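Letters A, B, C and D mark the chains as written, and numbering starts fresh at 1 in each.
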Amino acid sequence: MSRLPSFKGVIAATLTPSKGYVDRIPAYYDFLRTAGVKGFFILGTWGEGPRHGAEHRMRVAEKAVESTTSSELAIVHVGSSDMDTVRTLLRHANEIGASAAAVIAPYYYRPDTETLLRYYRVLAESSEIPLLVYNIPSKQGYSISSNTLTAVLEEVGNVWGVKDSSGDPATGVALVRKFRGRKFVAIGADELITFAFTIGANGVVSGIASVFPEMVVGLQRALEQGEMNRALELQHLINEASNLLSSIGVEYETQRSVLRIRGVDIGPPPDPVRTLREDELTRLKEGVAGILERLVY
Amino acid sequence: MSRLPSFKGVIAATLTPSKGYVDRIPAYYDFLRTAGVKGFFILGTWGEGPRHGAEHRMRVAEKAVESTTSSELAIVHVGSSDMDTVRTLLRHANEIGASAAAVIAPYYYRPDTETLLRYYRVLAESSEIPLLVYNIPSKQGYSISSNTLTAVLEEVGNVWGVKDSSGDPATGVALVRKFRGRKFVAIGADELITFAFTIGANGVVSGIASVFPEMVVGLQRALEQGEMNRALELQHLINEASNLLSSIGVEYETQRSVLRIRGVDIGPPPDPVRTLREDELTRLKEGVAGILERLVY
Amino acid sequence: MSRLPSFKGVIAATLTPSKGYVDRIPAYYDFLRTAGVKGFFILGTWGEGPRHGAEHRMRVAEKAVESTTSSELAIVHVGSSDMDTVRTLLRHANEIGASAAAVIAPYYYRPDTETLLRYYRVLAESSEIPLLVYNIPSKQGYSISSNTLTAVLEEVGNVWGVKDSSGDPATGVALVRKFRGRKFVAIGADELITFAFTIGANGVVSGIASVFPEMVVGLQRALEQGEMNRALELQHLINEASNLLSSIGVEYETQRSVLRIRGVDIGPPPDPVRTLREDELTRLKEGVAGILERLVY
Amino acid sequence: MSRLPSFKGVIAATLTPSKGYVDRIPAYYDFLRTAGVKGFFILGTWGEGPRHGAEHRMRVAEKAVESTTSSELAIVHVGSSDMDTVRTLLRHANEIGASAAAVIAPYYYRPDTETLLRYYRVLAESSEIPLLVYNIPSKQGYSISSNTLTAVLEEVGNVWGVKDSSGDPATGVALVRKFRGRKFVAIGADELITFAFTIGANGVVSGIASVFPEMVVGLQRALEQGEMNRALELQHLINEASNLLSSIGVEYETQRSVLRIRGVDIGPPPDPVRTLREDELTRLKEGVAGILERLVY
């Protein structure tokens, strides 16, 4: 955990292979690592954790953690709508030596503040590895105020940080200002990567970095070197990549298809998600080519 | 299944006891039955299915089905965000002889139309008991058009009907018009109970009926007898009961507390949901008393 | 005003001719009247009141009121985002002998309850003709609770009723139950026409009735005669007509085009609204023909 | 217009005095100017333009433009839901020598892309002074894609820029990247001020700057001097000020009350907006004092 507070960098919200394709993870992670990715967010939203059963999630988590080095972050997301599954996965994340366990706020049902605090307290108490609070209103179905997030981080022991995917810049500012140097604060919204690094967040958990890692790492470097023009160009390219991915195909087989186009095959979609049609693949290939071309410049 | 298409009546979206309290189900169901409830929707949204692990869901489903008679509907909801759990629960619902298995459309992730059709097809093919499509946009995170719902009901074998909790009256009209006499169409929105029976739906799946069953059954009877004034009064009371429940406490411990106030104790909330505070209980008691008083008139 | 409380029927949310075409109103109103329309809602949302300047609104209102008979309702909508314009138009509606003046709740800015009450009080005090509160959250930008609506109707003198376009069935029930026989309650949501007449509202203010009046009047009659199958068929057709209108062209030139297709030409769109393209007109004609065909059956 | 493209700085979204209090403007503008404000956005959303009649808007615009110097921006917002009023106000803004005329995209009704382009083209052609496109989805009732915004800026002559109040960082990036050095791009979202200056926008149109100008100007300066800690502190204070203003009282009398507390009295609210209650004023005073205290530090 000592490496956590001082972490600075890009964490990829890695995609997940389906059953039978877990052995594709090491090559995939090498692809990300080569591009400069320093952290791996495993089985989150882009990683389709909530779509997979506990058994497969554990196999994926094992292989993923195994595929990281001690200087990298390997954060395993263990959230679920049911508490028994969360407990099972959290225990397992401890056993396999994950850097931390991320837990989405309860989804499907809406907790009040006290229930939310109890939720994280109960989990934190049963874990040796630290917890990362994962706030993503679009999936939870409700917002959490920055005051409530702050209370969770302050009052619950063994919570070392937060991944905020609210898309709300004010929440990011409140968290960084309050916890800088004390807790890990990551922004999980691709359109706010420039903002995240500017205000001094520890990093970003980026979906785009799972398929175009060089773009997000490049943006971080451009900002470090004060090349604002290049940063603006890259942030715009990231935004366009987001639009491309959401305008073709189906979650998250489109993303897997981008990896395939780029030479990294992590296997077919999980049942019952369909594969992309020929015309969709053609458009996607053109879109990816256009993005990679502009990336070089 | 023969009893299904001709069913007319009130289905309660029954609440669920926590672990260790499953034996409270028979008495609870007697309370509902005495009030005129003819069907039991088990482990749905009000029944906190998505909050419980598969093990507890199976224990609850067993006891619940066991607690119904052959002339009643015992619909077990088996939906989850992960497909493995859905399969496990669907198999179990078949084994215990549920009347049907309800399956919420995929939540957390958004399927396109083809993936949605594949989803229900894969499940329907592995089930002897018929499926009920459960559409609840507020929990799924996306809407399904009535055209797509119609396609699922038409094209997937072994789907005998739909519970529509969209709250959209146009969807209800489209479904009843298209499928009357051929498929089971239930409306799952308490503010639309009068509407549902008026347009000729097979029934309602009602949350309010799980705690105030006499109100919803009374509304159905008033409509059958053409007592529109009484129907209006009861629909209004149902709407006020909904407001009461959503303005105090926390989901769905407030609902369990109403049952307790009414003399039916199905046990404490599941971890980590908090219990109600004294002041909340006082307000809830007053609210419940006020409603029951007006119910008599 | 004596005719108001006992009114039962269909009020068309009439379309508005552009400048220079006001003389088209009498023929248009005849078209509606022939189909059984008994009330005219003038310059509301479908009537593009907020799009036109005060001068044109007054010319339209004059001609429209003049084109109605004493046994019909001629309700002039005088709402605007600016209070000076509302006052001017309200004075004018009084001068021309409108049955009542409808006033949308303040839009663009959000009033609190006290400001909302003051708003209607100030206006009601300066008017001889009665006011109709017009609640349409999708345009106002905020919801008004049924308690607040009730307070406005109870506490402000000279308010004779409400047009509720919230689309919320619970609000309709609360209003009808509270004010039946005392205030005029109209529902302004085309997908709730069956519901409105079932619960005993005074009537509906219907957009679809402005272009397909026979459909809405036919639905009312089917309900009066207890022909529920025919009512369901017509409600469904109304819903499909709504979908057709919102899927082609641009607000509210598409609606004007339907009238033109049906032989009633109220003139071109107001600047800067575009006309429909050829391909759009073709699709619209087909859609209208399909609807009229099914209307006969 | 020559001063426009190179402008860099803080534009206050100035508040508006009610009828009879227009002579309060010079002192108010001096207050803003002293704090470092370089531009004045007159009669926009915070300036309650859409709430006031054309007559008062013209009196305010005259006095406001008169109260600015030739090195400052005096942008008059002339938007309305009705086209006649927009034309009248645009002509007047030309007559009084405003730097530019801002025009909100049509509100209440939703234009399609072609109608939107026609809208700005018609207006731009009738104006000598340049137009500023004002995009504020929360008030318009619909979003405009950054591609459509780009088309308006590219294709319509005499449009010199845009004020984007979408709150969407991706739109800001797209606009700055595309138009830097060619068009004026201002961000109109207080939680994105740090972001706006970081990516190189020309400036911000800030509501908070209309009551706490030193905070926003201070943030700009901190960023220029690379004092990121101070910038973060100020951005957070701005966000807290926003929360304070939206949690007490009523739009925009709360804002006027803050000015009054700070010694700048621009008069009472316009009819029918209520004044603040004593307890609200007490809380507001405490909130303002707390903010000003932290501002000094």
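Methods note: a contact is a pair of C-beta atoms (placed from the backbone, for glycine too) under 8 Å apart; a residue touches a chain by one contact, two chains touch by 3 or more.
A quick note: this is a predicted structure, and the numbers were derived from the prediction, not measured.
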Among B-C, C-D or A-B, the pair repeating the A-D interface (over half the contact pairs identical) is B-C
When B-C and C-D are ranked by contacting C-beta pairs, first place goes to C-D
Cα centroid separation, chain A vs chain C, in Å, comes to 49
Rounded to the nearest Å, the gap separating the Cα centres of chain C and chain D is 35
Among chain A residues, those touching two or more other chains are none
Within their complex, chain B touches chain A through residues 45, 48, 50-56, 80-85, 107-112, 114-115, 118-119, 121-122, 138-139, 141, 249-252, 270-274
In the complex, the residues of chain C that touch chain B are 168-170, 173-174, 176-177, 191-192, 194-195, 198-200, 228, 232-233, 235-236, 239, 242
